[in-house]
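Each of the two complexes below includes subunit A, the first together with subunit B, the second together with subunit C.
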Partner chain A sequence: MSNMTAAAPKTRKGFWENMKARKGQRILVIVLFMIVPLTLLAVFTYIPFFEMIRFSFYNMKYGGQEGTWVGLNNYIEVFKRSECFKSLLVSVYYMGGAVIQLALALFFATMFVFNVKGSGLFKGAMFFPYLICGIAVGFIFKFFYARGYVLDSLLQMFGVPLEEIPYWLQDQRINNISLAATSVWRYMGQNMILFLGAMMSVDTDLYEAASLDGANKWHQFRYIILPSIKSIVVLNLILSISGSLSAFEPPYVITNGTMGTGTYFVIMNRLAHENQKVGLACAMAIVLLAIIVLCTVAQNLFFKYVFNDGTEDESKAAVRAKKRAAKASKRGA
Partner chain B sequence: MKLKKRLISLGLATAMVFSLTACGKGDGGSQTTGSASGSGDAAAATEVPTIDSITLKTSADSEGDYGDLTASIKILTNRTDIVDTVYKGYAEQFMEIYPNITVEYEGITDYEESLRLRLTTGDWGDICFIPTSVSKEELQNYFISLGDFDTLDGIYNFCTEKSFGGKVYGIANGGTAGGVLYNKKVWDAAGVTELPKTPDEFLDALQKIKDNTDAVPLYTNFAAGWPMGAWDAYTDIVCTGDADFKNRMPHMQDPFAKKDDMTGPYAVYYTMYEAVARKLVEEDPASTDWESSKGAMNKGEIATMVLGSWAVQQCKDAGDTPDDVRYMPFPITVNGKQYASAGGNYGFGINNKATVENQIAAMLYVKWLVDASPIYTDEGSIPARKDQPMPDVLADFAGVELLSNAQAPEGEEDLFDNVNLQSEVGINNDDYPDCEILEAALYGTKTLDELMGEWNAKWTSAQETLGVEVTE
Partner chain C sequence: MTIMKMKPTTFLFTVFKYLSIILASIVALLPICVCVLTAFKTTEEYNATSVLDLPASFLYFENFSVALKQANMFRGFLNTGIVLVVVLIVSIFTGSMLAYVLNRFKFKGSGIIHSLFMFASLIPGIATQVTVYQIMYRLHLINHLYGYMIVLMGTDIISIYIFLQFFENLPVSLDESAIMDGCTYFGVFFKILFPLLKPAIVTSLVLKGVGVYNEYYMSNLYLQDKNLKTISTALYTFTGPFGNQYNYICAGVLITIIPIFILFLIFQEQVYSGMAAGAVKG
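So, the complex of A and B:
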């Protein structure tokens, strides 16, 4: 006992001394600065996430009482239900939308790189939709597509008779396209700004030099801009594809997931909130997470092998051709 | 020393961050028993009285219980359209009688979903409309008991809906009778002289309206979602005439099967399916708009809507011809007689995590609303108290028997909810299955028999999962 009380002040003194030293101060500052963001991150992201994983093994409802343990049954049911995976097909429309959105964003960003009159105004106008909250965008388009409202009257102004205008939200051949278009409208400006940011870092002398060599604007885009921003294009593509898999707001607000527009998220939401199958919905969320991770990895590999992930200017094909040439010359020698 | 001080203050700061996350739980404990007790009994302030034992004051000067209770209460509502006008007016009237109590309303859009989440925190306010997704056995987790079932059932309508284990946890804000909203002028102009009594007569009448007038025969309000769910309200009493049908359903084999006399839930959905298949509804259900449909109903651009009687007053208020808007019983006849189910609206529940003063003040306000306020005349609904008169809107219901669902047998209070949720047929809670019926009729993808067969299969599989005995 006496030993310990004698020893305690000594170690404490050592601790305080350490803390006063430069190294100790550094650790202290790092820990103190990190503690708030880490706490927030843990409380609002990691704890709920691990709870969700736990819930996915239970059969439970909302409310206080604990559910019953069902093991992997929820996962088995996710794979048994046809509607869960059918809804992933709806995401294909949003992926198609994502590709168009990236192409448009690249096009506009390239235009703005070369001096355009009033570019500030146009940039602002195109970025603006991104600032509106998704639910509001939904309501805007609900009335935009409604029979006889904005879009229909616009088309009628151009002389299209009402009978020939399709039902934008009812016709199952086009309603998913209508909905995907709303997310293109919303996110295109944001993608454009990201591309523009990357393009700004390209040395403008290059354009001048290239045009002296007789390169037109397409050549400049193809051989200067695109290679320089390849990694950001790949990043945007990955983000858009995983975003398409988890599309929620347009179908939820505009059609409530009816008429064949229910995406995976809408179905998950219905199971969790309308039918209170919280465990099943959690399992669905985790399955979707796995799918997104798989897609991302697959995309990464694809770009790595096809385009070298944008880190190299030469494509695989060029490298192969060079190797073949080297081999041939060796054999010749 | 300086460093030590800093460390201490930092420790405090971290402690505060952590306590933020835990603050939902702490509030209930700090109940003070100071200011209350108007009835003269000091012990009463720590205990919340039952709603029937309170005597209300009728004006600021009159005698009554808890006259000098001081509290500030918050009440949540889904009626965002009138929360700042009509409901605020009620609060002001109440505050004149009880000047020490402050009542504040909060309107919530997307009421069901947001409240469902807020309830679990315990820190949402004092009074709310109990969300329909809270099952009976969960009531006691969130709300205080308002009194014994046996006592309150003699005073108030619809007590069975929010009671569990012999206690009542919510009193309905009046009630509605299930029927069909129609514009009498349009129906007369179409040459329909007698109100239809069966689904086929109803469909014939709609056909006449389509042929003879410009009005939309039946407006589904599909895009809003919930008006489709409203069809579920006719699947118990209206189509069977049996107050116990909802309690029997969990034990039934194939409750959605077709019956030869055109009764039962099948007949209700048959009406919807056929109306859509025969193109007697609006041109594009995907782009309907609820707010403007009320005005169109009033003006006679819409002939019929299938909604609860609460919608009558809203449609009357939406235009210049309120007298054209009428309400008729749902067109199903069981053994020569028509029935209508009278059900409660959202029920008022009081937060069991609030302080005792707030609970008592909330109890006073709820009692004043359901007993003394003009809310039921204003909304044209069936009053909460059994001894108050029926509204004028139900004039067409002469000869129709009004029933409300019977109390479930002991131990089975939750059974219908459980089978219903497990099966995902979603009666009265999920609108999507009803939307599917309309879609199937619109696109011609499935027949009604196929759909109802699917529902029966889901129902059976839910019964198996939950181990419910199938007896009929």
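So, the complex of A and C:
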């Protein structure tokens, strides 16, 4: 069919035939191009999603046999059970880490805007941790924090006696900080590259012009760099809330969620796959989804009302794009 | 500008700038460098020396060969490689084709489909695996490499977003003039638009490539067979047998890092621009 259409002479009659054939072709394209992604979306996202909602009202295990209806009991348990509730508190550490990470990323991206010799090397060094797989990062830091190993040896080198060094992974006062720090280590460089990309999308002549006009570094940052990336920074801050709730790999590999380091996902994973409390795990997932949806609504409202001063059309378009990409990549992670 | 001509504040700022950047680079690289040192130590040497000491020789490769054998890492590389190639190629085509239809054709339900994909991105990936597992089980996709590939294609929406965003910036006049010339919709997509998608393809290759290479959770759930380990799950098997023998573990860690390090050195610019495009242009 398509060959015929292509070969049709461009007379008036040919044009109408062309249009008619086009209608059929249009349907064919729509169906053919969408069938695979839509099937995948249904089978691996929406069917599991509705199943998850259904399971959350049942007391059930793996293996297929139907569980018993328990109404809202699973949801009540999510908030009553101490390990679930504690895991929400643990995510506060990761949120704090995310804020520090964004601040550092912003700082270093700004430094790179002011010409740095050998910037390729330094950028590469800071970015590279992002490319290392989560399990490897886990091992690296298990080794790094282990008693008497890397971090302790370093501190001893600087004259700190071993007795004064805490147990980085066992001491419940600090072990979540140690773990959140691995996240900062891993993602700071990637954040920096994102910010740097946004900063560089501003006409770089502006920086030179400003410095010729005698603007100091702080003024350059305050009046040229910051406005260009304000939206992306705020967006990342909001995203870090749902990101912190989804923290999984550091505690999973390094401490296996023991000694009070279980994040929401680690606890959920344990309940589902080890304790076989599938219903409760599903309820936890729904609660998490509700929190994420709330954050997204808040984020949209924020951008609608706070940044809507009519001067930032370009940066808002960029943010909309970034939002989609970030959500998508979060989903992929 | 030479140092002599600098104003004192500028000079101080420059010192501060380089000091902070160098410090950050050291912090970023130090944990990896210690792994490099440790990976070259014999077990006796490892037990006797401080972790910060240099190894006696950088030509001691025993740990690497033990690590490769013990965790069957060649197999892991092979599996991860196959998965990467297939998943990346397929998702570039499915993602760009879907984005083409959603962006260029308005039909009944196109808005709903668009929203369905949007909402799907909010559902946390690991959370739904509890129920996805049962679907995988019913479809007999567990313990098959293709099953894992299918679930990776099905649960990752990132390429679709990247392409959707990119299509918004491709003028429709391109399509229209091609159609006037008698081109079919298929021709418009494959001959005219697809070659223009190159930047979006690079972005999605980088973001998805890193994601797939690093993926652990699903490969752990769906590929439990010993011969189906990916590089992440192969590495994870080090938890048991080696205990605190970090000279072997570090060798294993380095084995997984080296390929990505080489790729990064070669494609550094593409990786950065892919990342940045993922943020700014989508």
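FYI, the second predicted complex is superposed on the first by the 268 of 333 C-alpha atoms of A that agree within 3 Å, B and C clash if a C-alpha of one lies under 4 Å from a C-alpha of the other, contacts with A are read in each partner's own complex, and residues count from 1 in each chain.
We adopt the following convention: contacts are C-beta pairs under 8 Å (C-beta built on N, C-alpha and C of every residue); 3 or more make two chains touch, one makes a residue touch a chain.
Given the structure is predicted, the values throughout are model-derived calculations rather than measurements.
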Which of subunit B and subunit C A:288 touches, first, second, both or neither: second
Subunit B versus subunit C as contact partner of A:43, first or second or both or neither: both
Touching partner for A:185 - first (subunit B), second (subunit C), both, neither: second
Subunit B versus subunit C as contact partner of A:61, first or second or both or neither: first
Superposition-derived comparison: subunit B or subunit C, residues of subunit A touched: C
Partner chain(s) touched by A:255 [first = subunit B, second = subunit C, both, neither]: first
Which superposed partner A:122 touches (first subunit B, second subunit C, both, neither): second
Touched partner set for A:147, first subunit B, second subunit C, both or neither: first
Partner chain in contact with A:270 - subunit B first, subunit C second, else both or neither: first
Touching partner for A:169 - first (subunit B), second (subunit C), both, neither: first
Residues on subunit A lying within both footprints (that of subunit B and that of subunit C): 36, 43, 62, 64, 146, 149
Of all residues in subunit A, those that touch subunit C in their complex: 2, 5-8, 10, 18, 22, 25-26, 29-30, 33-34, 36-38, 40-41, 43-49, 51-52, 55, 62, 64, 104, 107-108, 111-112, 114, 116, 120-136, 139-141, 143-144, 146, 149-150, 153-154, 157, 185, 189-190, 193-194, 196-198, 200-201, 216-217, 232, 242, 246, 248-249, 253, 265, 268-269, 272, 278, 281-282, 284-285, 288-289, 292-293, 296, 318, 321-322, 324-333
Touch list for subunit C against partner subunit A, complex: 9, 13, 17-18, 20-22, 24-25, 27-32, 34-35, 38, 50-52, 94-95, 97-98, 100-101, 105, 107, 113, 116-118, 120-128, 130-135, 139, 150-151, 153-158, 160-162, 164-165, 179, 182-187, 189, 207-208, 210-211, 213-214, 216-217, 231-233, 235-236, 238, 244, 246, 249-250, 252-253, 256-257, 260-261, 264, 268, 271-273, 275-282
Subunit B-touching residues of subunit A, taken from the complex the two chains share: 16, 19-20, 32, 35-36, 39, 43, 61-65, 142, 145-147, 149, 167-170, 172, 175, 255-260, 270-271, 273-277
Residue ranges of subunit B in contact with subunit A within the complex: 3, 10, 14, 17-18, 21, 113, 116, 120, 133-135, 138, 141, 222-223, 225, 283-287, 289, 421-422, 424, 426, 429-432, 435-436, 439, 442-443
